[in-house]
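What follows is chain A paired twice: with chain B in the first complex and chain C in the second.
Showing the complex of A and B:
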C-alpha cells in the first residue's frame, strides 16, 4: 500500500482519476494514526539527555517523524512535484466535525474558499480563483455567492456547484481524508457522505475519499444509496505480527537512528538495546504483552514507561525497568481501589458477596446488606465494628460513588435510598484477592469472607 | 523523606520546594516528573490519574505545575455545565485573556481545535502545555465525542500538549464502546495509617507541643480510621475536637505526659462526634458552641434527622398510614386485617414462613389507588365522603414525596403508588392519631 499509490503517481500525473474509498480497517490503537510517536518521544528524550551528558549541541533535534501511516503516503505523494502543486488535501475528523454543517464549513475553510473574519463569512473571489479549484468559468459562479452568509444549504449548494463545475482535465484533484469514518455515518441522512461519493462517481471534479475507521462492519452503517456509490475498495490493516517480528520491532523502536551525531554513544546505546532484547526477563515481559495485545500503541506505552526511568545517572534501560513498567501497565485498577477502602466498606462488600452467592446474582438493597452485616456482628461476641446505621449508609453511599455498586433502576430520586436496588460490580475472585492484600485485615472479617454460609 | 528528586530540566531549588509541599507523595511526584520529561520534550498525549478522594491527586499535580512554572490550565469539570465554558477556560489560561473572544458563542469542538491551532501558531511555546481536568468522570455525561477527542488532543491540535484527567473512578468505567486512545494510567494509592498520622500531625497547635498533638491524632485515628480514611474529613474532625482534648490541661487537672487520662476524657466525646458531626447531623458551628457550654451534654442538640416530625392534617395522616399498610402488607392479608367478618382463615396458611419479615427488607410494593382508599375507609373511624379534598390530599402527599407514583403511564385512571416513609416516621404519625400500627403490620405478627 505504501508503494502502489506512490508508484502510480509517478507514471500518471493525475493519479486520482478514479475515486477510491480506502477504508483502513484495524483495531483502534494499532498504529494507523499514531505511527512512531514513541520513536519521536524516545529519541528526543535520549538526545536531550545525551546532549547534556556529552556535548552542548542541539542540532539533532530535527527528527523526521511520521505521525500517521497515511501521512507517510501523503508525503511520498507530495514529493512528486506535479502532485504537490496539484492536489488539495482536506482533513476531516469524525470527532471534531460532529455534523454536516460543521464539516462543510471546515471543507470550505480548508479549500481556502472563504476568509473568516470574526464570525462573518466572506467569499474571496480571487482566492478561490487562485486555488484554481475550478477553472475560469467559475468566476461568475463565485461572484454570485459573494454575499453568502454561511447557512448550511447555501454552503452545500456552493460547494456542490464548485465541484460540479469542475471537469477531469482542468481542475485540481481534491483528496478528502475522513478520520473516524464511522462517526460520519451517524450524521443525519448521511448527506455529506452521499454528496462526496456522488461527486466522486460522476464526471465532475476529480476527488478521492479516504475513510479511516476501526469498525469492521462500517459498510453496514451506510445507507443503500451511499453504499452503492462507494467503490468497495477496502484495505484491512490487521496485525499479523509474529513474536519474533514483535521483538525486532521493539529493538528497532528503541534504537537510535543512523544519522545520530555522536557515533560512540549511538553504538553504545544500540548495543545496550540489543543485549536488552535478548534478556530472558525482557522476553518474558514482552511475551506477556504480546499475548494480551499485538498493537503497537500499548507497546509504546510500555516502552515509554520504561524509558522514563532513564536518567543522567542511569543512562541505559535495565531489564528491571521494563518489568516495573509492565507491572504498572498490567495492574488491576479495581484492586487498587479496593485496597483504599475502610474496614466498614470492606465488610459491606463482603456482605454483598454473600448476598450474591445466596441469591445468585439477584440485585439487592441496602437493607438486605445491613441485615447480612448485622448477622455477622451478632455471631461475634466482641463486636468492634458496631456502627450506627447512618454511618453504614454513608459508607454504602461512598461505594456507590466509586461505582463499585451500580443502581439498577434509573429513577434514583424516587425511591428511598435504603430500598434502591443495586448490583455489585466486582468479581468473586477480585474480592478475595483484595482481602488477602488488605493491610491489617482483622481475622474475623477474613474468616467471614471465606465462610460459604453468610 | 526521600527528597532526592532530580531532573535535568529543572532547578534543584524548585524541585526541593515541590518535595516539601507534597508529603508522602514523592514516589508519585517523581513518576509524574519522569513522564513529563523536560519542558521542551514531547510528552505523552494523555495521562489518567485515579485514586481515592483526598489522596493528593490535584494537589500534587497543581504543585508540580505551579512550582516548576509550566504553562497549564486547570479545569474542574463540575463547573463546566457546557462544553463552551470548558473550552473558554482552557484557552484563557493557556493563551491569555483575549484568546477566548475568538470562540463563537456556542463553540463546537471543531471551533476549539481551530482556534487552538491558530493561537498555537502565533504563540508557539517551547514547553509542553498541560490541561488538567479535575473530576473527569463528569466528562462522560457531556457530549460523546469530548472524551475521545481530549484523549488525542495532542494529535488533533498538532501541538506539544498533554491532557491529564483526574478521577476517583477507575478507567474501565470511562472507555467508550468503540474504543479510544488509551491514556497512561497512574494510581495514587491511599495513605496508610502512618502516613495519615504524619500528615495530620503537621498542622499542630502553636501553644502546645507537637508531641501532644501527635498523641491526639493517634487517638483520633484509633476511633475514626475504621470508618473514614478521607484526609480532609479527618483533618476537619481533628481541628474541631482539639480544644476539647486540651481542656483538662487548661484547667490544670492533668499534666501533659498523662496520655491515658487525656484519652479517657476525649474518647467518648469522639464517639459522639462520629454520630453527629461526621454525618453532618450537627453543623460544625453548633458543635463548637456545645463545647463551650459545659453543662450541656454533647449531642443534646437535636440534629437534622431528629426534625423528621411533620405536621399533617388528620385525613392525610390516615391516608399515609393506609398507604404504608398497603405497601408493606401483601394484598391477600387485607381480608384478615381489615374485614370484620372475614370467615375462616387458617393461621398456618396465613403465616407462610418464607414471607415472614421479608417485606421490610425488600422495600415498599406498589399498590393501586382503590386498595389505598379501601384500607383508608377501614382504618378511619368516622365516615368519610370521597370528596375532592381527599383526592387532592393524595396528590399533595405525592408532591411532598411522602408517596411516590409509579409507572407514569396513566395519570387519571388507576394510578399506582408506593409509600416512601420509614417505619419510625409512620409509627410517630400513628401515635398522634392513637392508631396501633404494629397490630396491622404483617411483618410484626
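Showing the complex of A and C:
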C-alpha cells in the first residue's frame, strides 16, 4: 500500500502517523499560513525588538495562539547566526513559576548564572560532588541542600546585581518571554515585573520583556509604577479570517508538503483533500465550526479526529469521517451522562424538573423530590413499581456524585441528607432531548415529563 | 561585646612582646576599672593605667602607630598617636592622632589620582578636615607596626597627599579574610609583602551576565540616533523642567552635609515625573562638589522597596552597602543601631535614598520608625531622602510617632505639563533633527492630558520613529517624524482593543454577547445567570436562522469570552449557575456588533 522509501524503512512502521505528523504537527508551516499578515506585523515588531536589543524594551502580545507564533518567529530569528550567538532567551510560564522565588531560580538557571560564581547563593553542589565520585546518597543530600540554598532575598539581590553589572555595549542581551503574563501580575507586590521592567528602562544590562496573555485587560492588573515602566506596546493577534480563508487553511493543513518522499501517495492524497474541501457536507460542517469558534486549536481537534479514522485499508478522509468527528466535538456532555442513568434516576430528574417549574428555579431537597416521585407513582405509573426509600436515596446520591445536582448549602455536615438543599444543573432542553434518545423509555415516564405540572 | 575580642588580642600581644615595656603609657580598655598613677604635669607624657585582675598590659607611646575601634570588628582604623591629654574633669583620657587611611577606605575616585596600583597593605596620610582628630583613649585597640617603604612618595594634588606606608599587624588580631593586613609571627619581622597571601575565598564574587560576542550596533541613521536618545535609560545632559525641585533638594542635602547633621525629606509624585532622576542628578552634582573639595565627602546609598523581598531586608541592604557585611536582618538592625547612635571618629555623612517607601510598611512600622529615627540621633550624620507616589502617605499609613519623625520637609512633584514634556523631548533631541514641531506638540499634549508621565511620552516618540522608518520605502530615505506617524503610534497605544476583539469574535460569540445584553435588559440588572442567558441565546439563534448549539458548546463560548475578559465570570465549577457580567459597556458592544452587521 505505502511504498516506503528505502533507508527510512525502520521508522516507517506506522506510515499513517507520518501523514498526520506532516499535515498537522508542523507548526512552522501552519504558523506561516495561518497568520500571514498578522505574523508579519508581529515579526516586524519583534525583529525591531531584537535589532534594538542594545536598547531595552518591553512588549505585550495578546491573544490565544500566540505562543506558537512567537516560537516560530524565534526559531526563524535564531537561525540568523548573529542573533543566535548573541541573545540569551529566558522562557517563563505563569503556570509553572507560580511565585517570584521560583521564577528567580528559573531565570538564574536559564542564564547559567549559578555556575559563574562559587557563591553560596546559587552553588551547584551537584556538579562538584559528582566529579568527586562520592556515593549516590551524598549527591541526593547535596541536591536537597542545594534546593534550599540561598534565601529569596539573596536570590533577588544576586540577580539584580548581575543585571546591574551589565551595560549596553558589553553584556549579551537577554530576552524574557513571560507566558501567561497575567499570572505574574498576581505575584506579591509584582516585584519581578517591576524589576524586569525597571531594568529594561534603565541603563543596565540590555533586556527585552515579551509578555503573552489572552486577557485584554491585562494592563489594568499592573500597579501604576509598574505600568509606568511598561512601554505600552501591544500587539493584538485577533483572527479576522473570512470563511473562504478558513477553508483554504483547512486544505493547506491537510495537504502533504511538496518534499514528501512518496510522490504517488502525495498526489493522491492531495487530490483527495481538494475534492473533500469542495464537498457540500464538509463545507456545512466547517461552516458550523467556523461560526462557533475561529480559533485553530478547535479546528485541529476536529481534523485530528477525522484523520484518526484513516487507516491502511482506507487511505483517504471521507466526508462522513468529518461529520462523525464534528458530532463527537459538538456533543453535549451532560446529555451523554443522562443516557447512562437508570430509569429510577431519570424519574428523579424529571421530578426535579417539575419542581423547578413549580418553584421557578428555587432550590429543593430530597424529600420534596421523593414526594413528587411518589405522586407520580400513585397517579400515573403503570410500568414503574414502588422503590424503597433507601434505594431512592442511593439513586439521589448517585446523581449528586455525577454533579447533575449540586448542594447549595455550605455547611453540609450539619443538615441531614434528606433535607439538604440542592439545585438541578440541567437545562430543560437537555432533559427532553435525553428522553427522546433514551433506549426503551416507558411511555408513561415520557408523558409525565412532557406534562405541564407533576 | 565587640571589644572583648580585642582585649584578648591586646593581652596576647603584650605577652609576646615584653621588650616593648619601656613604657610611658599603659593602656587597657574601659570595661575594667582603672586608676591613674600619675597626674598633673606629667599627664600628657606619662599616663599610666593598669588593669585589676589582669597581669598583662599594653603600652603605647606617642609616635607609635595604633589601631582604633572602627565601625566593625574586622576593620579598625589606623592612626599615629601624637599626644595624650586629659579633659577638664580628668575623667576621660583623650588622645590626639594623625589619621591614616587603609586602602579599603580610600574612595574610588581618589584611587585613580594615585596613578599606580597600591600595595594592599599600604596606608595613606589623611589630610581631610571631616574627621575629628581627638579620640577617646579607650577606643585604642593596640599598636601596629608601620614600615616606611623606599618607593618615592607621590604627592597627589587636589585633596590629600598619599604617603605609602606598610603597616604590619602584630600577632593577636584575628586574621580574617576581610582584613587585608596579615598577621605575622612576632619575631623575626618579615616584611609583609614578602609573605604569600592566602587565596581569598570568593565570598563576595559578583555575578554577571555573559558578555556579548558581537559588538552592539551603533545607530546608523538619524531616526535610530533619535531612538537611542529617546530611550528612558539614556542620561540627558541636564534635567529640564525640574530646576526648582533640584535646587530645593540640593540645598537641603548640601546644608546637612556641611553641618554634619541629619534630616529627613519626603518626596511624592505620580510615576514618571522624574523624582528618582532628580535625586540622582543632585547626588551627582554634590559628588562633584565634594571631589572639588567644596563640601566634605559623603556616602550615597540607595535602596528600593520594590527591590527587596521583605521590608526588613532594608537593614541588610543598607549595612551591606555601608560596610560590605552580609548578615541577617535582625543582626543588621542591631549593627546599624549601634553605628548610628554611638559616636565614632572619622565618620562621614551618609545620604540614604529610600525609593518606593510605601513598600517598607510593616504592621509595627519598625522599619520606617528606625529609618526616620536615626537621623535625629546626635552622632548619626544621616540624611534620609524618601520617595513614594502618594502625597499624603505619612498621614495615611504611618502611625503618629513615625510621621512625626519624618517631619514636615516635604516636596511634591507635579505631573509634567505639555510645555515641559515638549521641552524634555527637545532637550533630548537637541542635535538630532528627527521630529516635526507639530508632531512633538501633539505627543506632549496628549500625554499631559492623560498622565503627565515622561516615560510614556518618550515611549510614544520612540514608537513613532519606528513607524516612520517602516513607512518609508527605504530606511535611509525616511524623513522627519510627522503628525501621521505620531497619530498612528498614539492609536496603537491608547485605542481600546475591546471593540476590535468583539468584531473579530466568531458568530456564536457575538450572538452570546447579544443574548447577555437582551437578558440584562429583561432583568433590569447588570448581572445574569448563564442558564438564563443561554435561553436567550437559543431564542436569538432561532431568530437568526442558525442551528441552536448545545449547552456544552454554549459554555465553551462563554468561557472563551471570559478568558479574554469581555465577560466577567464566576468560577467555572458553578457550571450553569455561574453569574455573567459584561466587562465592556453595553453601548460599546452594540456599536461593535452593529458595525459588523452593516
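Following the convention adopted for this analysis, the second predicted complex is superposed on the first by the 347 of 454 C-alpha atoms of A that agree within 3 Å, B and C clash if a C-alpha of one lies under 4 Å from a C-alpha of the other, contacts with A are read in each partner's own complex, and residues count from 1 in each chain.
Following the convention adopted for this analysis, contacts are C-beta pairs under 8 Å (C-beta built on N, C-alpha and C of every residue); 3 or more make two chains touch, one makes a residue touch a chain.
No experiment lies behind these values; they were computed from the predicted model shown.
Of the two partner chains, chain C is the only one that A:162 touches; chain B does not reach it. After overlaying the two complexes on the shared chain, residue contacts for A:372 are found with neither chain B nor chain C. When the shared chain is aligned, chain B comes close enough to touch A:301, but chain C does not. In the superposition on chain A, A:106 makes contact with chain B only, while chain C stays out of contact range. Contact with both chain B and chain C is seen for A:214 once the two complexes are overlaid on the shared chain.
Using the contact criterion defined above for the overlaid structures, shared-chain residue A:173 touches chain C, although it does not reach chain B. Chain A is touched at more residues by one of its partners, and among chain B and chain C that partner is C. Of the two partner chains placed by the overlay, only chain B lies in contact with A:344; chain C stays clear of it. Contact with neither chain B nor chain C is seen for A:321 once the two complexes are overlaid on the shared chain. Of the two partner chains, chain B and chain C are each touched by A:333.
The contact surfaces that chain B and chain C form on chain A in the two complexes overlap at residues 44, 48, 52, 119, 214-215, 331, 333-334, 403. Of all residues in chain C, only 202-203, 205-217, 227-228, 231-235, 270-272, 306-310, 313, 316-317, 356, 359, 389, 451, 453, 455-456, 459-460, 462-463, 466, 470, 492-493, 497-498, 500-501, 503-509, 531, 534-535, 538, 546-547, 549-553, 556-557, 560, 563-566, 575-577, 583 touch chain A in the complex they form.
If you check the complex, the residues on chain A that touch chain B are 27-29, 33-34, 37, 40-41, 44-45, 48-49, 52, 67, 93-98, 102, 105-106, 109, 119, 182-183, 214-215, 297-298, 301, 304-305, 308-309, 311-313, 328-329, 331, 333-334, 336-337, 339-344, 365, 367-368, 371, 384-385, 387-388, 390-391, 394-395, 401-403, 414-416, 418-419, 439. Across the interface of their complex, chain A is touched by residues 6-8, 31, 34-35, 37-38, 40-45, 50-52, 55, 104, 108-110, 113-114, 143, 145, 148-149, 152, 155-156, 168-173, 178-182, 184-187, 189-190, 192, 225-229, 274-275, 278-279, 281, 305, 360-364, 404, 406, 418, 420, 422 of chain B.
Those residues of chain A that touch chain C in the shared complex are 44, 48, 51-52, 54-56, 62-64, 82, 85-86, 88, 100, 111-113, 116-119, 151-153, 156-163, 165-166, 168-174, 189, 191, 194-195, 198, 201-206, 214-217, 224-225, 227-229, 231-234, 236, 238-240, 288, 290-295, 330-335, 361, 403, 406, 423, 425-427, 429-430.
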